[in-house]
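Below you'll find a set of structures to go through.
Two complexes, one shared chain (chain A), two partners (chain B, chain C).
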Partner chain A sequence: MNAANIAEIIAFALSAFIAVAGALGMATTMSMFRSGIFLMASFMGVAGLFVLLSADLLGLLQIMMYIGGMLVMILFMVLFMQDPGGAMMADMPDMMTPVGKIFSLGLKQNDPTGTGPEEEGEGRDGDDDNMGDMDMSDMAMVTPAYRWAVWAALLTAGGLVALLLLRPAWPLASGALDPRSAERIGSLLMDKYMVGFEGAGFLILIGIVGAVFMARTGRHGAKADRDSRSAIEDTPPEIEADPLTPLAGDIGQTGPGGAA
Partner chain B sequence: MTVPLTAYLVVGALLFAIGVYTVVAQRGAVMVLMGIEVILNAIGLNLIAFWRFVAPADYSAQIFTIFIITIGAVEMAVGLGIMMLLYRQRQSVQVDDYAELRG
Partner chain C sequence: MGVAEEIGFVLLALLGGALLTAGLERLLGTAERGPARPLAVARATALPNADRWLLPAGPISGLAGVLFGTVVIPFGPTLIGRDLGIGVFYFIVVIDFVVLGVALNGWGASTSDAVESCYRIVAQLVSYIVPLGLAYVGAIMMARSLVTTTIVDAQSGLWFIVLQPLGFALYLVTGLMQSYRAPFLEAFSDRIGGGVLGVVGGGPALVWRVTLSGLLFLVAAMGAILFLGGWSGPFLPPPVWMALKTYGLMALMLSLGHLVRPLSTAEMLALSWKILTPAGLVNVLIVGILILLHIGPA
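Presenting the complex of A and B:
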């Protein structure tokens, strides 16, 4: 066994460990911010495996698409979640699974006074609830939904690995690879898989339009909703308890709003 | 080619199982989307491993992996758009609160 083989085995073990441990940490940690970071590690590991399988273009694409694109979206959406830093769960290690305890080590706990420093993004808690007045329904939001999910996952993994034992004898081919693989992929994409390429482009266009249309505010309600909204804007409510003294002249009649 | 095909397939199976666990067990919609991404990653890894070891002359597997990544990106964008909309209406991102979307 020469040095290149040993290097390949070490690289495979490192990439596989990063991919699997990152995914496991993503699934079990109590902090959703940490989940995003673990997911990034998992993507990096899979990209390393792609490079090891001499699919360099896909390894690069994996990093650029998943980490550059999707993970930014995910971390943005994590900010909407309740308790994104897992501070609510950090001081109840009894509720965690054993693996979750490992990946939740060192999480910043909820400050009992609720006035602690909150500079760290990871320890940021969504609301200032103390541990004392938190009821079981709050706890159920952050714990795994189904206890049998662990067994379902173990069964899936065991079944898939067991299928490998029953596998047919795949004819392994060890041909020399084209050094210009990106060129081959590009010409194949534009030649044989042209329809799929165009379809993917059309799907992206529809996805952009649909996502923008859904995330737009207040323009897609029912007609009655729109009418009531514009009716409210036509007659603005009186300002109650206005601290400012009223001006001498009626500015509102000559302002830009009044001229319209 | 020192590392056998089976090793890559085992890694893919583990990633797939972890993704299934995340989708089933987590309550947050973002976590469910993350689990789906891990599942897609496992599928891509399996495709590339089979391409490298069984049919290295045919580059179609890489095309299909590119398609998987593309569709995953679109799904993520649309899913997060739906989540933004639902969060704005109900102030909640827990999937159990969306049970009436079942139709």
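Presenting the complex of A and C:
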């Protein structure tokens, strides 16, 4: 075994580790931002595997799509989630899985006041008083389907490993690799698979135009109509026969986006 | 070159290039310097809310981006880290790691200024990537190759700046956006205390200095390769021509950028989608017509 072979094995091990550990971290960490970054790392591990298989163009395409795409997606998550930095969840280790504890290390704050990291206002009203009112099912990483998802993932992984063991004679590609693979992929996309390729692009364009069309105010969609579709009511109906004494000054801070 | 020599050459090229870039920027500096602002290396900012995994990952990702990018920059016919078959595309992709680094460091630091820096740099990525790609496409179409040395060889008769003036103008603007220099320095502006640069100190500060100076160096070098004929030129040795063209282009970009008032992120996005992207498509169309008329390299 020469040096090139050893380097290849090390590169494979590293890429595979990044791909698997990134996926595990994505599903278990308590920080939504981290979760997106872990997913990106996982895809980069897969891109490393592509490069090892001499599909360097595909590997780079993968990296290009996911750096930009994931960063934008993360920003949208930060806009809509209550605890994107995971600081609040990190204070509740009881709710985490053992793996989740590992991937949430370094999030727990040694801050006696209990305020989370500054997520542009949202994290700041995460005081302990509000915790009980918050709907936990809305939170990032707590979902009743979690247990099922873990079992499904384990079964799939077991099936794949079994496939690997039961079918030991994998066909190996023979012959020299094509040095002009980039050119051939381009020709195929613009020639044989042009309808599918352009069709997918056109669908995405329609989606973008539709989103812009629906988001714009004024000419389309009356204002009153929009208000009636609003999810948050300005004045919630009073709860009848409420045995609890109302908290002073607590109104208006419990809903999603209560930083107003 | 062996692998060790290649790595040494890439390191040397990046560090030397970044050093000269920092010097040139000091000469041409204006009041607001964005990514070239003076850094407090001795400072140790307390970051009580920091995400202690993402914070150190930021500078590493940024430095990796410029290091990987330097690999495909040719300083002579054989003076190149590694002549990859998809060189230019590879370059566009790996430079994105700088954006990822700033986003990671900004979010990880968890101060409002640094997080703002993270948001703005992602918006800037969205605004420059499409027109920048279209500016590259013109040169790639004429050279019929993604290999950087082949693109330089294709310009032995006539530089692409003569054939594609629109593409070059597009590259000037999007190159400034990609390197975060004035007027597109919103992500590192003084209003937010330099953003990420306002909270780093010590080693990370030095790494960001090398990364952000090296980024401008790489953008200018790639502009010289795509439009100014790279290392080619009479009398002087190839690396000298390459350096002259790189720093000449850099000086041009910086001084043109200083003539315009700084743009906000929203204005930058509007500029990109309303003007630069259509201009890039027109450029691709013009280049296509030129190729059909057999104008350009044979």
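FYI, the second predicted complex is superposed on the first by the 162 of 260 C-alpha atoms of A that agree within 3 Å, B and C clash if a C-alpha of one lies under 4 Å from a C-alpha of the other, contacts with A are read in each partner's own complex, and residues count from 1 in each chain.
In this text, a residue touches a chain if its C-beta (ideal position, glycine included) is under 8 Å from a C-beta of that chain, and two chains touch if they have at least 3 such contacts.
Predicted, not measured: the structure shown is a model, and the values here were computed from it.
*Asks:* Give one of first, second, both or neither to describe whether A:Leu57 is in contact with chain B, with chain C, with both, or with none.
*Replies:* Both chain B and chain C are touched by A:Leu57.
*Asks:* Considering only the touch criterion stated at the top, classify A:Gly68 as touching first (chain B), second (chain C), both, or neither.
*Replies:* Only chain C; A:Gly68 stays clear of chain B.
*Asks:* With both structures fitted on chain A, tell me whether chain B or chain C touches more of chain A's residues.
*Replies:* After superposition, B is the partner touching more of chain A.
*Asks:* In the overlaid three-chain picture, which partner chain does A:Ser31 touch, first (chain B) or second (chain C), both, or neither?
*Replies:* A:Ser31: touches chain C, not chain B.
*Asks:* Check the residue A:Ser42 against both partner chains and state whether it touches chain B (first), chain C (second), both, or neither.
*Replies:* Touch partner of A:Ser42: chain B, not chain C.
*Asks:* What is the contact status of A:Thr156 with respect to chain B (first) and chain C (second): first, second, both, or neither?
*Replies:* first
*Asks:* Both chain B and chain C contact which residues of chain A?
*Replies:* Touching chain B in the first complex and chain C in the second, residues 57, 74 of chain A appear in both lists.
*Asks:* Which residues of chain B touch chain A in their complex?
*Replies:* Per the stated touch rule, the residues are 1-3, 5-22, 24-28, 30-31, 33-35, 37-38, 41, 44-45, 48-57, 59-60, 62-63, 65-67, 69-78, 80-85, 87-88, 93-94, 96.
*Asks:* Per the contact definition, I'd like the list of chain C residues that touch chain A in the complex.
*Replies:* 48-54, 57, 84-86, 89-90, 92-94, 96-97, 99-100, 103-104, 107, 110-112, 115, 119, 122, 125-126, 129, 146
*Asks:* Please give the residue numbers of chain A that touch chain B in the complex, ascending.
*Replies:* So the residues of chain A touching chain B come out as 1, 5, 8-9, 12, 16, 19-20, 23-24, 26-27, 32, 35-36, 39, 42-43, 46, 49-50, 52-55, 57-58, 61-62, 65-66, 69-70, 73-74, 76-78, 80-82, 140-142, 144-146, 149-150, 152-154, 156-157, 160-161, 164, 170-175, 177, 181, 184-185, 188-189, 192-193, 196, 200, 203-204, 207-208, 210-212, 214-215, 217.
*Asks:* Which residues of chain A touch chain C in their complex?
*Replies:* These residues of chain A touch chain C: 31, 33-34, 37, 40, 56-57, 60, 63-64, 67-68, 71-72, 74-75, 85, 87, 105-107, 109-111, 116-120, 179-180, 182.
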